[in-house]
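The two complexes that follow have chain A in common; it is paired with chain B in the first and with chain C in the second.
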Partner chain A sequence: MRAGAATDIAWQTRPIWRRLGMSSGLAVLALAYLPIVWLMVMSFSARPLSGVPYPLTLEWYLRMAADTRWRAPMVSSIVIAVLVGIACALIGTFVGRGVMRLKRPGWVLGTALLPLFVPGLTIGAALFLFLRLDLGLRLGPWSVALGHVLWALPFALLLVVVMLTRFDRRLIDAARDLGASPYQVFWLVEWPLLRPAIIGAAMFGFFLSFSELPRSLFLRGTSTTMPIFQWAQASDHQSYVPISFALATIIVVVTIPLLAVFFFIAFRPAASRS
Partner chain B sequence: MTDPDAAERVLEVANARHRYGDVIGLDDVSLSVRRGEFLTLLGQSGSGKTTLLRIIGGLETPTSIAALRIGDEDVRGVPAARRDCSTVFQGYALFPHMSVSENVEFGLRVRGVAPAERRRKAVSALSLVRLSGKEDRRIHQLSGGERQRVGLARALVTEPTILLLDEPLGALDERLRIDMQVELLALQKQLGMTFIYVTHSQEEAITMSDRIALMHRGRIVQLAPPEDLFEKPVNRFVADFMGVENLIDGVIASGLEEGGHVELDAGTARFRARWTGVEEPEIGSGATLVVRAERPVMLSGSAAVGLNSVPASLGSTIYKGAHVDQIVTTPVGPMTVRVLDRHAVPASLSAVQVPPDAACIVPNRGDHSS
Partner chain C sequence: MTAVAALEAGRAVPGRSRVRRLIDGYGWLLTLFTAAWAMLLLLPLFLMFVYSFFTTSGFETDYSFSLETWHTLFESGRWRIGTRTLGVAVTVTAIIFVLAFPFALWLSKGCRSNGARTLILTLLTIPFFLETTSRTVIWRAILGTEGVVNTLLGGVGIEPQAWLLYSGFAVNFGMVLLYFPSMVFPIFMSLELVDDQLVGAAEDLGASPLQILRLVILPLALPGIVAGIIFTLVPTMAEFVVPQLLGGFNVNLLGNSINSALSALKYPMAAALSAFVMAVLVILMGLLFIVLRRSRTIMNTFAEIRQ
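Then we have the complex of A and B:
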């Protein structure tokens, strides 16, 4: 037995496996980041669809700045994403805390997470059928937001629930025992300890909403979100593609620092004295 | 036991019952505690001691309760936050995102005490538990013993009438636990505060308590000063739980005599001893002779074997440091006899005698309430 165990370890620590692990990890990272970087580079290229960066130009950025068509979709996408993020944080926190107080949270959680595995187009079509044809409602940004909340909520819930499984319920008893009102228990004890999960839930909501396409297609009514707009432009007008590159670059450049700020807020040590 | 009279009574619990689904957590528990008393709720896990503590603290709502008063106030339906008691939790339950001082200040902060004032009080509470200078440490930088002290300071700083302690020393190692016992006791006397202390360790209960409420299956089996639990157990369960070494089962062979004695027939031997059961003994009912190891007398030579003595021969000798436990073999089973050193054991042991006033006879039933 001892010898066998030792052999296993030797097998796992053999240099070839470590190198394979390292290089496949690097390959995946490269696949994730290089195309984005390349897209950013090509947004400065005079002939972006040629695959050659040179000659460099700012023409597409100037064209984008002059173009007004993408602005309304961008604004509605941001507004919807912010609302979805807030909704996910709130609902995820309330529902998550409730679910974890149940004797057997497993079933409820499973049921709540199941919609993740239903294809987006199916959910979109089903919601369209239900809201537009059965209830006769006029679809618009609100229905897009609703579809996005349904899409992002399981992720948000999962985040909060994972954090709650590590949360010591006796801290709530202790706070109550020491004289804290339910409101104080939440803000002084639960919020600081669950903050990373709650902010994470909001971020998931925001970014899942911001890039969501299949549900939005069905639920948009007459409104347009950024992914719908870009998809339509890219498939209909080749001439728009370069502007789309510039736009994507701007989005990446704006979101990454934003993410960094969010992470900083979420994971910084709790504020010391109030 | 005599209950504290109304004037000095600081806690009254009457007929508390609690169920968890089909499981009975507390079965008709009544309790009265006087100001400044150190009362221990002693019992195995599942005996209901922690449930009772949580009901007093307001963290659990009993299924039914006839009275629950802290001081002069009826606290039934009063939330935990507004009861004049605080809890030292098992495993401390310190807030991990706050410093030591912030933890201690918590109770003052939620009461709206100004920061400078609460810091001052926290500093003095921390010096009370000998943690001066550690105000700004993070919780994860503290040892188990230090965390325990922070938990204590946090509960003390609001000056509650009653301090509830839920197995506070459970997570500490042996040595530290004994030091903390002494310290807790000194603190309780110094503050004159009422302590209600939950533990499963009879040794801890004996060391610290003014009175012990021994609990079993949701009931208080006996509520008495520690020495009474040894000297006057109400039944076999109490004697066994308190660690009385010699329990000899038999049946009642006589009615209650003048002076409170009764006779027990243990098959091959008969004993006469004090009856300490609550109800009158019934001839023929199961009973147990309870003899602490210090009490039997070892006889040698041709001592007469009759009432209260059994023929005995030497078994193994167990050296315990401060004393020696001599095991003797008798027809009623092995007995433990404690002597100060091994020279006190007669080489020609022939019998063991149990003086009638050095032992007691109790009902055999395990767990019926007093």
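Then we have the complex of A and C:
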């Protein structure tokens, strides 16, 4: 039970507590966004790694448009991310529904959440040794996608499970009593109510995959994704960095509004006080 | 009807049982999923541990049991890299906690505007979905000797500060900014479950703000705090992007060693280093779990009061 803003508790209203908590966090948040903003500014600068943006230029964007090296990684990143999104939505939905029907969901859920406790580089290295050396498979986009599903599914599953805890099971029983087939129960009762969580699961899958580096790095085989490409340019080829900035700017300009709208809508009920 | 009840009902009517179980029971799906998950996660981690007892000669892996790789790990400079990694991970986690806890407290209990709270939660979440390389490498243009900060400092007559980039400071700084949200979120969610009326009751009984924090809020928020610490320690123990891009070659961490061992085809060494990271994390998580267990008694007391 939440008492709401009506009760003014002294420690809440005491200015020093509020100001300290607010300013420390907002300062870190601002610093976390500074590189994103500065990246966008410097992508228009003639000397992108200097301290002053001037003189401005469109050169890097023109060079990026003429360059072909980033196109294949971009395409494979998008394809892999779409597949991971679909996989997360499907597996998340059906495993989530199954888990919630168990008497003790703890064990299955706990196993499913294990990837959250293993660093990306470690699971990438372990999966590489397993798939490449133990099983002798040829790695490629499929193994990258597999690593990404292993990373994104815990989040997708949590979204569906949280949604299901608020789901009234009697609706399914009622639909069944009225003669609905399992397919009808799913499409007419469960799907409309679970849709936000399922779409959220797909979103998590897509965006976590699209930005994933440590697992992809080892599972890539000979293929390259966008984060691997950007990492290779930043760590080995200093001269390509300006074009990287232009690429990163375009990705950020496309993805941030999408993410912002999605999460603003998703968080509004949770963040609101009556 | 639960899965178990459905199974029992199915058993009572043998003719229908199999089909019904397949559609309704979900047992097969969950078994398949758990088995696949374990095979893709626990088996590779175990085999990685096994790999760490092999050795590399030339570019070939020698598949006979040996402690040589572990011996090399502890003898060579990598041991120093290990302790440095642990130091950086713990420092970064501690700094993030000090910054994140008051912020989460304010966000959950102090912030009065619903719109502001929604906006801040959104802003905290977005970077989690963005690629980290370009966001990190741009700090070179800000912290470098010709970067923004030093240009501004030069404007007021202060000479360039070289320690801002390719230093321990830069690595800690970059990692704090990257993993701040993963600490705020769990703490925020656990604080959301702390009943304001409990806090009000403590206040009515004459507790000072510090006492309320120490005796009421901290114990109740502990699960969130432990989760936040774990979700910060896990990625920082194997971080390689920030140390390589902002540390130059001065601040190599275990993540960089794993990376270079794998590129050099030294699989047993990469496996031993990864196993080492995992072992450190398991020990740290075990310690945190003990802390959580011990505080259960306090939390149970509160639960009883609430009833």
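We adopt the following convention: the second predicted complex is superposed on the first by the 245 of 274 C-alpha atoms of A that agree within 3 Å, B and C clash if a C-alpha of one lies under 4 Å from a C-alpha of the other, contacts with A are read in each partner's own complex, and residues count from 1 in each chain.
Note that contacts are C-beta pairs under 8 Å (C-beta built on N, C-alpha and C of every residue); 3 or more make two chains touch, one makes a residue touch a chain.
This one's a predicted model, so the numbers in the text were calculated from it and none came from an experiment.
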| item | value |
| --- | --- |
| Contacts of A:L150 with chain B and chain C, given as first, second, both or neither | second |
| First (chain B), second (chain C), both or neither touched by A:L178 | first |
| Partner chain(s) touched by A:V253 [first = chain B, second = chain C, both, neither] | neither |
| First, second, both or neither for A:R170, with chain B first and chain C second | first |
| Chain touching more of chain A, residue-wise (chain B, chain C) | C |
| First, second, both or neither for A:L56, with chain B first and chain C second | neither |
| First (chain B), second (chain C), both or neither touched by A:I36 | second |
| Which superposed partner A:L188 touches (first chain B, second chain C, both, neither) | first |
| Contact residues of chain A, present in both the chain B and the chain C interface | 173, 270, 272-273 |
| Residues of chain A defined as touching chain C within the complex | 1-5, 7, 9-12, 14, 17-18, 20-22, 24-26, 28-29, 31-36, 38-39, 42, 48-52, 91, 94-95, 97-99, 101-103, 107-108, 111-112, 114-123, 125-131, 133-134, 146, 150, 173, 182, 207-208, 210-211, 213-214, 217-218, 226-227, 230-231, 234-235, 241, 244-245, 247-248, 251-252, 255-256, 259-260, 263-264, 267-268, 270-273 |
| Touching residues (chain side chain A, partner chain B) in the complex | 168, 170-171, 173-181, 184, 188-189, 192-193, 269-270, 272-274 |
| Touch list for chain C against partner chain A, complex | 1-4, 23-24, 26-27, 29-30, 33-34, 37-38, 40-45, 47-48, 51, 61, 99-100, 102-107, 109-112, 114, 117-127, 129-142, 144, 146-152, 176-178, 180-181, 184, 192, 195-197, 199-200, 203, 209, 212-213, 230-231, 234-235, 237-238, 240-241, 244-245, 255, 258-259, 262, 267, 270-271, 274, 277-278, 281, 285 |
| Of all residues in chain B, those that touch chain A in their complex | 57-59, 79-82, 86-87, 89, 91, 93-99, 102, 106-107, 109-111, 115, 154-155, 158 |
